[in-house]
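In this document, chain identifiers A, B, C and D correspond to the written order of the chains, with residue numbering beginning at 1 in each.
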């Protein structure tokens, strides 16, 4: 009896930092979409498409759409019956006030909330464990030792296999790693920051000494900066969203936020840069979205780029970015740096 | 889908010492009342009122009314169906001889009693875990290492989230913290002492170096010193309890204790001071009880003041203390110190 | 509601070494009796009598009567329904070949046998945990670290609360304690050696530095040296057991062993001493058995003297020893030392 | 009631390295046979025969015949109902892609795969735990700390009692032992390398300092080098397998591999040596297979020689090797060394 033949999807898998866990270089996040503006059928279809494209890493959080994102993902995982070991599921803990009434202990990184929050997430996901649990933002008022112990505890209890951080500063990560080492506990393996052509300082600057010293991996979000780098707002310079955009009339908080940004000085400056990137995408024969995603993956510290999708076709386009990595030669990367003017030079004094 | 709106009760929440756990500044204890002289209906009504007032912290002990206090609290928690993560439940272990027959191992802080005692408490409370388990008084004959290991064990087993001490001395707490650090175990987070305008030495004097060094928090009991600071005994100077007081005829041990105290020299001295405090309360337009509770909360090391109540109205009055914190200006605090003559001056030689 | 009144049986309880666990100064062992020559009814009656006399400590071992002793004890505990926390139950692991077929891993102190052996014992005892699990004899071929880890593991798993050794040498105990400390694990709390007026070297000599340094406690067995110190063999000097003795005709291995001893030179020497002890017992108005048991308890390092009983009356007599402790004045103790000629003088060079 | 009489099979048992676990000097492996070319009835018959011969150690791996080997072994263990403590069951984790679809995390020594892989193995074996879990080949890209933590975790969870390595290099083993010691975790106890008269360098050379320094034990495989040392290919010098051999026509990968080897230069050199060994076997009156197995057991670092069998008679012959250990005198061993020309001289500079 022989092994079943694995699928050949062309997906690229990378190690999560220095760890032994492999994640698809492109992953599917559920922020705002599943349980939110996307219908369950759309969410299911996107997850199916992602799996078929070789994506094995699905990311969510306890607070995405007040817990609904986890519920929808859990239903889909159960529905499709994929083998658990073929999947890497992550969630994030910090705001978990689902049905809460006295909210003080339903957020933060106290021992109480990390444990209770993850237990509630696992129930919504209908899973025995997640592969990665993230500390969703730092909690600067809770002692780091309490937080490190709590994440180590949930791993010891079999509720998670690895833990990471999201939007922490370099010194916070370093402190957590140091405390974990002193206590002989498991240190965070991965950080999840925003990273794209327009936002580079943290990943390329602040974290530069952590990669080698702690083996830190990155799963990055917002590769097209909430749509901006796709070029779809290239003509929106005066603050009026396109009529057919979902921001045109939608009344949710995010739409408000986006409408508020449009037309500001920083918006105009960013749009200006994005428009300059268009000729490069055209020349390479790719969409601006693909260029933006591929650009993130050129950074070897990025284990996976988390993307959102409310329609399966979007995923097909995004995954297409994997095929153009070779086109992003050093010369093209330099061209982009000239436009974005935000390349982080390594500080010799900060080298290890 | 948005978050449900949290209740706005005006309650103040404080961290339990330096930890990440939040407790309401006023909490409800069950000593002598629930399962004791209060009927179950009264206990339920008080817990409901407490919850409605924003109180999230409910304190009990294995030996309150021989385990009945936990049983009543457990029934109420089940009856009201409040979300577990909205609550902070604590119990205390040291005397657990409920239905015991050979009592030697039903008390103390041995590994055996800490584990068996907490298991029995959880069964009575119908809970999987308490948030805080206290070592109820020190056990000076059991090795501190055995006690520290036992509390760390119950936390590791998921039977509690934090542990603390009650009525321990400063050096006992410091020894426990030191042993926990050496063993890489979890140190006690909180101490529960008596604290009120008439009893200040331990909290203000003996513990003064622990707050910063170990992050110790306090949950204090007896804010009105068993009724004394409410002013209701202001006219009892000759040792005869008021006719309508429950101590007038009641035969339980506590009533005996109270009748025994009335009329002694120390009683007369205390009543004298309490009568001097009345004009201050009158001037501020508050009751003497409210003044006494608010005074405790002016100490920033106090995470929560534990109060008792056998009728819901009592709780409303007590919680009213939160609104007068601003009225307790440094000048008013000085006035009180002059009356009580027991302010603890910080010893420069003991400063860290 | 008040505490139930504990029973006052006159029993004396001592701490198990320096630990927080209390054991009755006289305890009931099950070696050779329960599941062996005593019927189940007798075993039940003895355990009931022991409990009524205030005995809380019941000792057994996986290999006593090939596991039957544990089965009988388990049935009795279930039958009487005593509160678990009122009891201290111990068993010992080293030979567990019950129904075994390939015996190599059914004995010794390997991780495999300690875990599998205790699991099987608990099943026979119908208990979730024992209070104390002993390493029954040392296993000099298994690394001490493996043994220490295994006992710490079963405590961590909630299968035992404390662990000890039986018939280990002082340096073996010291090695185990040292390894446990290095690994931050739980060290052995108690040793179970033979100890009686005729066998004193280990307890008084070899172990003398361990009591203070490690807090070691003792539960001693064979206080009347298999009947010898009861005086019932005082007339058996020629090697012929009394006709009404169970050794007269019994064919089990132990009877063979006893018949083999009778009449040897060492037997004659011991009988001579035992006969000299009779006048002392007579003068004090006690039986020789009571004198022998009381003598053991005069040693403050002895936490409990383990006795056997196949009839309830025997236990009544044995427990009577507690009432004569005061009669064993220093002068009487000296008289006994003169007879037994085996008092261990403390070696100044070995004092700590 | 006495102990049941253990069977006397003449089997020799050895400690697994310095540990307390005993394994039969000859053990039964399931590579390629059970779930593979042998029918289930044959597998059952071989396991029964092995058990009857006193073999207590049964070895398998998650990837043997894509999980089928474990399933067959599990069925047999359940069918025969042998006492669990009489058995030593091992499996190996590194390739577990049974029914997998996205294979990246179904192999390697990541925390994810070690835990998920062993869970799946235990399910196939229908066991609560294995005695030994091996890291099947090193995983040089996963941090050693992650791997050590993962194996320690599965032991802590009661899924295994010991862990070992298979086909690791000496420095990899030394690194794992060092990390385990630093983390106060359980170090690997055993290595499973290939070892036979023709392949000696690793066992006798590379590992020479590990035995004493870490207590490493060996369970060796391939004692007759896939049939070669049995002498059955002594006439196959030209690359044509014997007509009645299963390699004559069989089309599986292993048969291809064997046919590919036959006739190469190294094959010819090895056959030449094997033919020279025949006179020694003849002189001792044993088969060449028995000589080959007995030779392995002369090495005191070998705890067990793992053999395969598709028919019970093969096992009888193999176990016969135990009876000829005395015949392998130093002179005979020297004779063999002269033929194989691969004796490893201990390097004085590498001695500890």
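As a working rule, a contact is a pair of C-beta atoms (placed from the backbone, for glycine too) under 8 Å apart; a residue touches a chain by one contact, two chains touch by 3 or more.
Please read these numbers as outputs of a predicted model, since none were measured by experiment.
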item	value
Copies chain B and chain A - interface residue numbers shared by over half, same or different	different
Most distant chain from chain A by Cα centroid	C
Distance between the centres, which are taken as Cα means, of chain C and chain A, whole angstrom	63
Whole-Å gap separating chain B and chain C, where each centre is the average of the chain's CA atoms	45
Where chain A touches two or more other chains at once, by residue number	156, 184
Parts of chain C lying in touch with chain B, wherever the complex brings them together	1-4, 6-7, 11, 13, 15, 18-22, 51, 54, 56, 82-88, 131, 156, 158, 161-162, 184, 186, 215
Chain B - residues contacting chain C, complex	35-36, 63, 65-66, 68, 96-106, 108-113, 115-117, 120, 139, 141-143, 146-147, 149, 153, 156-157, 183-184
